[in-house]
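Chain lettering (A, B, C, D and E) follows the sequence in which the chains are written, and residue indices restart at 1 in each chain.
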Amino acid sequence: MPGIGGGFHRKTGMPPGTVIYLGERAAEGVRMTLIRFDEERFEEREIASIDEALPFPDDRSVSWINIDGLHDTALIERIGELLGVHSLVLEDIVSTRQRPKLEDHESYLYVVLRMLSPAARTGEIDSEQISLLVGPRYVVSFQERPGDVFDPIRERLRQGKGRMRKTGPDFLAYALIDVIVDNYFHILETVGDRVEEMDERIVTDPDPAALHEIRALKRETIYLRKAVWPLREVVGGLERLESKLIAKTTRQYLRDVYDHTIQVIDTIEALRDMISGILDIYLSSVSNRMNEVMKVLTIIATIFIPLTFIAGIYGMNFDFMPELRVRWAYPAVWSVMGAVALAMLFYFRRKKWL
Amino acid sequence: MPGIGGGFHRKTGMPPGTVIYLGERAAEGVRMTLIRFDEERFEEREIASIDEALPFPDDRSVSWINIDGLHDTALIERIGELLGVHSLVLEDIVSTRQRPKLEDHESYLYVVLRMLSPAARTGEIDSEQISLLVGPRYVVSFQERPGDVFDPIRERLRQGKGRMRKTGPDFLAYALIDVIVDNYFHILETVGDRVEEMDERIVTDPDPAALHEIRALKRETIYLRKAVWPLREVVGGLERLESKLIAKTTRQYLRDVYDHTIQVIDTIEALRDMISGILDIYLSSVSNRMNEVMKVLTIIATIFIPLTFIAGIYGMNFDFMPELRVRWAYPAVWSVMGAVALAMLFYFRRKKWL
Amino acid sequence: MPGIGGGFHRKTGMPPGTVIYLGERAAEGVRMTLIRFDEERFEEREIASIDEALPFPDDRSVSWINIDGLHDTALIERIGELLGVHSLVLEDIVSTRQRPKLEDHESYLYVVLRMLSPAARTGEIDSEQISLLVGPRYVVSFQERPGDVFDPIRERLRQGKGRMRKTGPDFLAYALIDVIVDNYFHILETVGDRVEEMDERIVTDPDPAALHEIRALKRETIYLRKAVWPLREVVGGLERLESKLIAKTTRQYLRDVYDHTIQVIDTIEALRDMISGILDIYLSSVSNRMNEVMKVLTIIATIFIPLTFIAGIYGMNFDFMPELRVRWAYPAVWSVMGAVALAMLFYFRRKKWL
Amino acid sequence: MPGIGGGFHRKTGMPPGTVIYLGERAAEGVRMTLIRFDEERFEEREIASIDEALPFPDDRSVSWINIDGLHDTALIERIGELLGVHSLVLEDIVSTRQRPKLEDHESYLYVVLRMLSPAARTGEIDSEQISLLVGPRYVVSFQERPGDVFDPIRERLRQGKGRMRKTGPDFLAYALIDVIVDNYFHILETVGDRVEEMDERIVTDPDPAALHEIRALKRETIYLRKAVWPLREVVGGLERLESKLIAKTTRQYLRDVYDHTIQVIDTIEALRDMISGILDIYLSSVSNRMNEVMKVLTIIATIFIPLTFIAGIYGMNFDFMPELRVRWAYPAVWSVMGAVALAMLFYFRRKKWL
Amino acid sequence: MPGIGGGFHRKTGMPPGTVIYLGERAAEGVRMTLIRFDEERFEEREIASIDEALPFPDDRSVSWINIDGLHDTALIERIGELLGVHSLVLEDIVSTRQRPKLEDHESYLYVVLRMLSPAARTGEIDSEQISLLVGPRYVVSFQERPGDVFDPIRERLRQGKGRMRKTGPDFLAYALIDVIVDNYFHILETVGDRVEEMDERIVTDPDPAALHEIRALKRETIYLRKAVWPLREVVGGLERLESKLIAKTTRQYLRDVYDHTIQVIDTIEALRDMISGILDIYLSSVSNRMNEVMKVLTIIATIFIPLTFIAGIYGMNFDFMPELRVRWAYPAVWSVMGAVALAMLFYFRRKKWL
């Protein structure tokens, strides 16, 4: 999980539109695949240069170029040049800490999304920037790292089932966004399970290790929230967008995704509520346990301290202590001690401490 | 009560519009009943196939098909085909974790609601998805499980009293929604009673078991809140909907239901306030009790510790301790001890600890 | 004060528009009074049946029918019939747990308000539903219980001073609402005084009894809030209402009432802030006192425990303890003890515990 | 500072428009001053009756009547009569607990403001109602008490510098409002300084007296907030008002005042945040100190209690305790005790308590 | 960092439009630089008087006058006179505690921003007011202190790369604002790092010094928030502004800055959430540690207090204590003591205190 304080570029003073990659420099090269399809045909191949994909055939086919890796800025600039993409957009594509957003540039749409996945090592949430350029006959998708998240889409395209082969780039873009939003549900499910488990555990076993977990859960919901709120604006904006690039039939599907983002937000807010409740319960439990500890101490101490005092009295070495000489004094002292102890116990019982 | 982190489908990567049932697979089969009525006639029968109900007679009669159980997806798809329902809607009907929503598909309305009921075993809140398709001359209602919640409606239809037999499917849909919203009041009443009881109990008897109950109440209000907020949008949207499927006379009734949902929301918010107040009071009570425990310990300890020290002094075995030989030393020590104890008591009295 | 979880009807499954009284069944019968007035004339009498009041004379006079008690549903239905009131409205009139609301039925307005008064016995807040039907030449007011809250209005009508006799039913309705809103100020003043008093007391004397009072105050503000927020919508809606039933001159007066409801809401929010602050201060005070108790215990215990240990050493009965035989050992031990005690006191002084 | 629960009138049941003074009855009489000016002329005199100021000369001069004291209701009614002011407005002028508001009565504007000043005796915030009537050629200002807050305006008018002598009553009204809003900054500065000071002090010296101060600061910000939020609406409303009484050139100045009220609100919200943070820090500090106290007690007690026990053992008087006869037993016991104490200290060191 | 309660001017009673410098009086004089450029030419020089820069050549060149230091009010007034700037604007330029705002004066725009930088000495956040006047062919920028924040812009102008030399003053203004907003990211990064570090540290090592740091972080986020929220309105307003001074092509760049301010706000809100979470965790940790301390005390005390009592019993000097004479009594007492201690340990083990 990147730092909460992060999520911004660092190019202060540089001219706007400078295309500089800010992410981790991946070891592997950039990988580009082209999928071109229409209702009858389907073509899928890896390409070495963007020029291979152009010009787009002017018929009904849709071209989907997927680019894994953003560190080859020359490539990105070349794409921008060929497709007529604004330099600010190119800059945003490689600035991998963008807030999700939607920009309508008339001849194409630019969509930034964040793809969340549990980090392999730590189990914390990892975040990757996905950029989409949606034009009249093409979709270009940019991923920071190679990943298999879009595989189900590819499979559906290969099999040619469903609407996807019959519709335009807008429907393909919808499908890509839908896959990403669906991924949020997996993350939420994991977090939700952990919250539920913690909610159970916190009353029975409020140990300090729980604090670490609560802290982590809190961090993660703050992080999720920061990622999801703008997502909602993006999907909602896409649904309402007045653009000839989005067909009317696609809008209904976008609305379906929008419903999902609302559901994600609802769930995050409920999780936040739950976590804040768990912390309250945790504090209460700690207080309760401290209270119990105090009671035990108080009961033992207040019973024995007076008794020890009595014993101390008759341990004194004064020459003239007439009681010491009396034969029944010793048992009498025992009786007094017993009475004091019983009185104390009775008092605690009345206080409901026992 | 389903998990807070839940409430979403799990079909990542599947093509949209895939009708896959996600709920528990009920043992019993799907049960379909057809009620067909107009002002004069009333017909009620169980049907084995949706085709028995179609075509809808083109006169003034209203057909209400109620379907208990959603796991027969072939059946759902058949209904969709016959009534011309969009595949995304069919997918939503069987995805039993939908957020309440309203969709206007011009030739029909699609309404998703959540029906709440106290779970038989645990007393926690159980939730069931109810879908309604409202067309020009029909209502199709989908329930996850067989239930008797719509029985009063059936009874009113049979008796033919009131407006219901004289009006269209929109009024029937209103009546179904009204019954569901009324059910929320029962849930709220139960929760409300428990909150009130807890509010009374928390000051007199703040024991750890109360924490469990507070936690459960908190969970339930979070859950209710998540269920009711979208409900309000649904009912409000229905009232304002520009659709020829909703008669003007029905709007007034919908507004009545809308008022009820607002009342439900008000009450939930007030309950949340109450519960958060109860937790504060609980923490205060625990602090108070700890304070009292500490006072008892402190009083006993601070009185007897100095006295025990004095007794300890005269228990020493030095050869030359002139006091030990003095005849009045023993009573004098008693007097000193009494004076110390009284001084302590006076001090505590002044501190208002006694 | 009715329960927080309350405020709803219970007629699940009953046809809408069923007029069933849900309040407490009053012992007394229903009492109806008719006041009819115009600029010159004034008539006031008790009536046994609503038919006595009808038909309204078609001149400039205004008829005000006040009904104390709602359990005679036949009477209510008769009024509805004669005045052409919608059955849903009649249902709401007798369902005494309505949220305040305003409904414009073109030929008449329906206004629901809640009248608050301190309960005679407990001092808690009692709530009563007031319904108003405002027609072209009449106002019908429904109260749950006989009360003298409208007496000042009657008095002003009798004396014929001010605008009231010269204006229509809208101004009379305004006057009735104004009296009810003014009543909120009395409640607020009482609550406000108690909050101020508590605010003073909480620092000097944070005893557990204060918790009961804070809890009660919190409950009451939650209750007030739930009652007042919809009131604001009602009065605001009335002011802005496009209806020929509300004269333009009356709007200015309604705006005045609206200002008052805003003031009520401001005050409630400020009270809520105060109360939540008081609870914080209370918890701080309890912590402070516990701290003080702990300090006393710690000072006494840490001074005397080491001294008692020293005394214990020389109380041992070993044969060979050379110190015991030394003449100056006893005073030397005293000196050591004094030095230890002084060192401790110095330490505490440095820690600012003394 | 008036009570939080206050801020409302008390005339329940009285006819609207009744002019009854509700404030403290000042000992002194009402003082009226008339300032009349245009670009060339300036006239300033005390007047005994409002009639002296009327009729307003119909040329370009502006008349400013300032009235100190509101208890002469006959005077107020006379002003209302001469200037054609609505009786509800007159009622509001003398009801000195109005919420700030703006009313446009076409031929004049009515503005209510609250003037804050630190109370002479207690240092708490004192509040005074200022009403302004702004007509085509006059401004009438009403103050509860004589005060010198408007002196700078008078001075500027006398000297004739700046725009004020060249413009109409709207600019004069702006200047009066500007002076009042500027006064809020002084109050805020004082409160802000106290908050900053408390913020410094709370960590080093969290004593109970700080609680009193925090409580007072909290009260004051609640009070300020209640006063300032409506002020913003008033000034904003004035700026946007469609009225021929406000010249276009004046709007720019009003916008400047509006910016100031926003700044006041920002600052109050920041102060509220700070104060709530201070209380948290205070509670943390108290917890820290308690923790420290507990550690000292625990260290002393856990070291000496076992040692005292050992000493107690060898203080027993059994006939057959062979150790007592052994020559090296006494030093051996000392060694054991030393070892126990060292083990304890080592344990505490490892726990980081020392 | 200026005080939270600050951020306002102090000129109560002064006529509006009085140009009085309120900031610290800098030792150095005011420094003015003129940069004049168009696509081909570039001129940069220091000027002694504003008159040197005027009149602006009426061709396509853009003039940027940067003024470091605001204490020479005569100079500011001279600029106002020559450029036709409203006196209220001049007043705001030198009142260095303005809230960020945007004013459209038709012939020029006035923009106030706050430039944040970490204070050299304390590491706290320092704030400087930047004012921009944007006219048809000029930008005038006012800084409180000389600084190198605009150096990258100057460098880009000198090199003539990018759009800047080809566009008008609106683009230059955009570039200046962009640099300032980018600076916020640096501040946020620093604060974010400290928050993350504290978040790690708080669980392992919750010492009182952490409280100081939390308090400082809280103050800084309150301060940042107060600075950034209006910034967003300014940039958003600039983007939407209907003014011929802002070219359509520039709007896209402004929208980019707007996205950045949203990102800044998101991050600040997330940081606030984090800090409030850290304080909760801190309190929990302190409670946990206190709990642990209490347990140690209780275990030691409750084991040894009863044992010491037993020892005390047989330290009594009664003549007739038959046990003392029994040979196996001493080992028996040891056994009893051992049994008591074991029972206690078993009890603690069962309570999970060990």
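Assume contacts are C-beta pairs under 8 Å (C-beta built on N, C-alpha and C of every residue); 3 or more make two chains touch, one makes a residue touch a chain.
Everything numeric in this text was worked out from a predicted model, so none of it was measured.
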{"item": "Touch-network distance, subunit B to subunit E, counted in steps", "value": "2"}
{"item": "Whole-Å gap between the CA centroids of subunit A and subunit D", "value": "41"}
{"item": "Interchain centroid distance [CA atoms averaged], subunit D/subunit E, Å", "value": "26"}
{"item": "Shared interface positions of subunit A, touching two or more other chains", "value": "283, 287, 290, 294, 297, 301, 305, 308, 312, 315-317, 321"}
{"item": "Overall pattern in which the protein chains touch one another (line/ring/star/complete/other)", "value": "ring"}
{"item": "Subunit E-touching residues of subunit A, taken from the complex the two chains share", "value": "3-17, 86, 88, 92, 98-99, 101, 103, 208, 211-212, 214-215, 218-219, 222-223, 225-226, 229-230, 279, 282-283, 286-287, 289-290, 292-294, 296-297, 300-301, 304-305, 307-308, 311-312, 314-317, 321, 323-325, 327, 329-330, 333"}
{"item": "In the complex with subunit B, residue positions of subunit A that touch it", "value": "151-153, 155-156, 161-164, 175, 178-179, 182-183, 185-186, 188-189, 191-193, 195-196, 199, 203, 252-253, 255-256, 259-260, 262-264, 266-267, 270-271, 273-274, 277, 280-281, 283-285, 287-288, 290-291, 294-295, 297-298, 301-302, 305-306, 308-309, 312-313, 315-321, 351, 353"}
